[in-house]
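One chain, chain A, links the two complexes that follow: it is found with chain B in the first and with chain C in the second.
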Partner chain A sequence: MNAAIEGFQQSIFRFLPEVTLPKKRINLKRRLIWSALMLAIYFILAEIPVYGITGSQIDYFAGLRAIMAGENGSILTLGIGPVVTAGIIMQLLAGSEIIKFDLSSPKGKASFQGTQKILAIFLCFFEAAIWILGGAFGRPDSSFLIGFMIFQLAIGGLLVLMMDEVVTKWGFGSGISLFIAANVSQRILWEAFSFAKSPINPDEFIGAIPAFIKSFIDGQPVWIRGGLLPDITQVFFTLIVFVIVVYAEGMRLEIPLSYGKFRGARGRYPLKFLYASNIPVILAAALFANVQLFARVLTSRGINWLGTFNEFGGPKSGLIYYLTPPHSIEVLLNEPLRAVIYLAVFIALCAMFAVLWIDLTGMGPKEVAKKLQGSGMQIPGFRRDIRILEKVLDRYIPPITLMGGIFVGLLAAFADFTGALGTGTGILLTVGIVYRMYEELAKEQMGEMMPAFRQFLG
Partner chain B sequence: MVKRKPQAVGGAMPATGAGLIRYFDEDEGGLKIRPEAVVAICVVVIVVGILLQVFGAELLGF
Partner chain C sequence: MAEANLKKKERARSLISEYTRVLKLAKKPGRKEYSLTSKVTAIGIVLIGTIGYILKYVSVIIQNFGA
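Right, the complex of A and B next:
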């Protein structure tokens, strides 16, 4: 990058809002308080409606709402959309080296981070404009009101951006993960236990479990309700997906190592089967959400290149139709072609994002070998040489990355097809997030109780 | 217990959250905001949002 562009960049970065870094390590209790506070604010904001909505609302994220967090019609309509989209774009740009960042230097990292933030801020306004100008919240006559509504949605996006930063810097875990998990959990609870009556059929409970109990008492247990209401079969599938994800999260391949300085000291380097964790799934899903968003804009202008929507706002035909998973077994059996195409595209994307992610975050064989070599580990029975470490790791890391990526993609799609509550992708992400939070919490607690351990735990 | 290896110096992983690569430990040189200020801004937005729902129609006239 030449000096002129760099100078220009720096002058823009100066105006970006940035949450201060804590001066010293914050203890676990205070960090949990910060996270809880942000979560509470998130839930309240998701209940504040946008001012100026006329008529019925269409959710432009539709089937992907669970993953994008937020609540349609509220200040947080955009949810984590702008932040995640900015992340994907930056990853693709940096991964394909269209823009080069030196991610090993602090300056390069700051530049990457700043550029990502500019993009996220731009996307807040851009997606807000798509939402309002596309007519999702009705078409008001006053152009002032249109502008004001765009402003409200953009503010919501910016607040999520800042809240995420507060959680990541001052709180526990990452804000984005926290908001996704909170949103999906809320949805699962509602769909499973809600005693509210269905707006279409006032005799039916919305919640799957109350509805099943009622039908059981009436003497005619209903296992599958069909339509849009959740049923008891879907509750079982939710549990199955939950168990599979927890099991898969714990799957590890252990590479035996020995410690060069002390004879007989042995260790193992665990490679997680889900080496790129659930990251490929969220990126693929967010990409689909964006394709859908663009299709909405195009159709509202009468262009049907990406497909068309039905009167309820759901996809009806074209590319976007094939990029939306069939959300029940019923639909799956009626439209096998749609399921096959969705599966193929989704898994291919997951595999691609998994490989890209490992590459960009320095989790590849070369970097891991360097790290192990630096800590004095070696492969038992071989001489201490980084090339040997690299060769052994190279045999495992690329295949495990690919397999892990394909596996999470397959699992998310399977869960979606069964109509699991909170959407399959949503459960997959939430279980993964909560599982990792739990791991992190256990680690932190250990570190607080025995400070000497901290350096070993990293 | 499985022997854990110490973290190599300089090999710190970037802070990752839900698939985003972020470097939140770097100073970006931007406008500094305290986390308390973020809370305050959110509270202001919540209050204004509620007021708009109640008095908006009279205040703005649409």
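Right, the complex of A and C next:
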């Protein structure tokens, strides 16, 4: 039976669109060019509107857009949704051993990646169908138009899947991270500096700073513009969130270690304070988005027990009303109860997801101890025994996992309440991504200059 | 009942003190390291963001021609 599945899987894998690996090692400059090319294509695709949209566009990813990248209404409406969702599902399946993948053997890894790609491709069409059939882009009567719009969104998802592979295999760093950073960085710069006029009221600049300067020159400086237009206070809060994020990203807990074989060699194993980094916020935000998506499907069938929506597509009542963050200070001031409930639920979820993620992805005390033991590390002054390593790690990993999860949740909520540009999660993700790119770049450059040095860098 | 209550409060207090001890223990980034990280990430965001800004501006201009 197993062989039959194996044979069936292999035949499908052969048909999957695949970006071929480069024959020989590409030098750093060429790889940067590949990534820059994918970046430009990503931005251009995000500007190509979907053909066939009638009436208003609702963004089902609204709260999540900073994480999902892409641009609502464009070919890349789904952004990295399908790819990331497929990744999370596979991680949970493998982590919880529902489906056995022995990731050690190359064949096992190939079947894991092959299955993940099949899932991602399916999700491209599935999420596209939810988008269009849910009425996000209006309700065209001709079924051909509906089918064609679903096709365009699915193609957008597939393009992101392929571009991610090009970046990972030919370019530099990971494609998904690049698109997240691209989306957030563009939003911050556009909402802060854009001279384009806003479609809603044509004599207003979209950009917060040009608009503030204009209002300043006109005599009465406008600090809060309200509505959807970004203002100078939001730019101010963006900087505050950025400063806090860079600080928290830099916090480390250093476990003193010594190397068993060489008596004198002392080292430190750095545990990032944001141990589960921003995964908890992504999972919490994704959960909220899916609850809202589910509520939308229910309300379109007339069932309202999850809550109802107002005419702009925003939640109006019920559970979902309390599970959506108030996006500006005004809303926060006149609806404090909603903000408090949202904050409590969101922080609790972030803490829970942090702890869950650590266990599922092998970052818990037991696995890290095994890894350190394997590489010959030990706690100085103690016998070389995995139980001691585990006990020490057990004193540090659970607290920073929980505190890190709560901190990330608080920061994201603070940024959402104050309307920081690019959202808190977006800034948190982007700072982490850009800094890792810098570290990788520095490491590669060192590797490039002294090839012999490269093995040591790994 | 009160005694169980006391134990629970005791455990909660020890947990909190344990967590604050770990928090104090964590190494905060030094001034030099902090300024490096913030400069690098700021430049990275501005660089990537500007490419996006330009391409979006071009698309706005094209759409205005169309309208």
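What we mean here is this: the second predicted complex is superposed on the first by the 385 of 458 C-alpha atoms of A that agree within 3 Å, B and C clash if a C-alpha of one lies under 4 Å from a C-alpha of the other, contacts with A are read in each partner's own complex, and residues count from 1 in each chain.
Basically, a residue touches a chain if its C-beta (ideal position, glycine included) is under 8 Å from a C-beta of that chain, and two chains touch if they have at least 3 such contacts.
Computed from a predicted structure; not experimentally measured.
Asker: Which partner chains sit in contact with A:Met403 here, chain B, chain C, both or neither? Use first/second/both/neither.
Answerer: A:Met403 sits against chain C, while chain B stays out of touch.
Asker: Quick one: is A:Ile75 in contact with chain B, with chain C, with both, or with neither? Answer first, second, both or neither.
Answerer: In the superposed model, A:Ile75 contacts chain B only, not chain C.
Asker: Tell me the contact category for A:Asp164 with respect to chain B and chain C: first, second, both or neither.
Answerer: Touch status of A:Asp164: first partner only.
Asker: Just chain B (first), just chain C (second), both, or neither: which does A:Arg387 touch?
Answerer: The answer is neither, since A:Arg387 touches no partner chain.
Asker: With both complexes overlaid on chain A, does A:Arg301 touch chain B (first), chain C (second), both or neither?
Answerer: Touch status of A:Arg301: no partner.
Asker: Would you sort A:Phe15 into first (chain B), second (chain C), both or neither based on which partner it touches?
Answerer: After superposition on chain A, A:Phe15 lies in contact with chain B alone.
Asker: Where does A:Arg30 make contact in the superposed view: on chain B (first), on chain C (second), on both, or on neither?
Answerer: neither
Asker: Under the stated touch criterion, name the partner, chain B or chain C, that contacts more residues in chain A.
Answerer: Result: the larger residue contact count on chain A belongs to B.
Asker: Based on the superposed arrangement, let me know which partner A:Ile188 touches: chain B (first), chain C (second), both, or neither?
Answerer: In the superposition, A:Ile188 touches chain C alone.
Asker: In the superposed arrangement, does A:Ile44 touch chain B (first), chain C (second), both or neither?
Answerer: The answer is both, since A:Ile44 touches chain B and chain C.
Asker: Once the two structures are superposed, pull the chain A residues common to the chain B and chain C interfaces.
Answerer: Common to the two interfaces on chain A: residues 44.
Asker: Flag every residue of chain A that touches chain C in the complex, lowest number first.
Answerer: 36, 39-40, 43-44, 47, 181-186, 188-190, 193-196, 242-243, 246-247, 249-254, 273, 395-396, 399-400, 402-403, 430-431, 434-435, 437-438
Asker: In the complex formed with chain A, which residues of chain B make contact?
Answerer: 2-9, 11, 13-35, 38-39, 41-43, 45-46, 49-50, 52-53, 56, 62
Asker: List the residues on chain A that touch chain B in their complex, please.
Answerer: 10, 13-21, 34, 37, 41, 44-45, 48-49, 51-52, 75, 80, 83-84, 87-88, 90-91, 94, 103, 106, 109-110, 112-114, 116-117, 140, 142, 145, 155, 159, 162-166, 168-170, 173-177, 180, 257, 259, 265-270, 279-280, 282-283, 286, 353, 357, 360-363, 367, 370-372, 374-375, 377, 429, 433, 455-458
Asker: Under the touch definition given earlier, write down the residues of chain C that touch chain A in their complex.
Answerer: Interface residues on the chain C side: 18-19, 22-23, 25-29, 33-34, 37-38, 40-42, 44-53, 55-57, 59-60.
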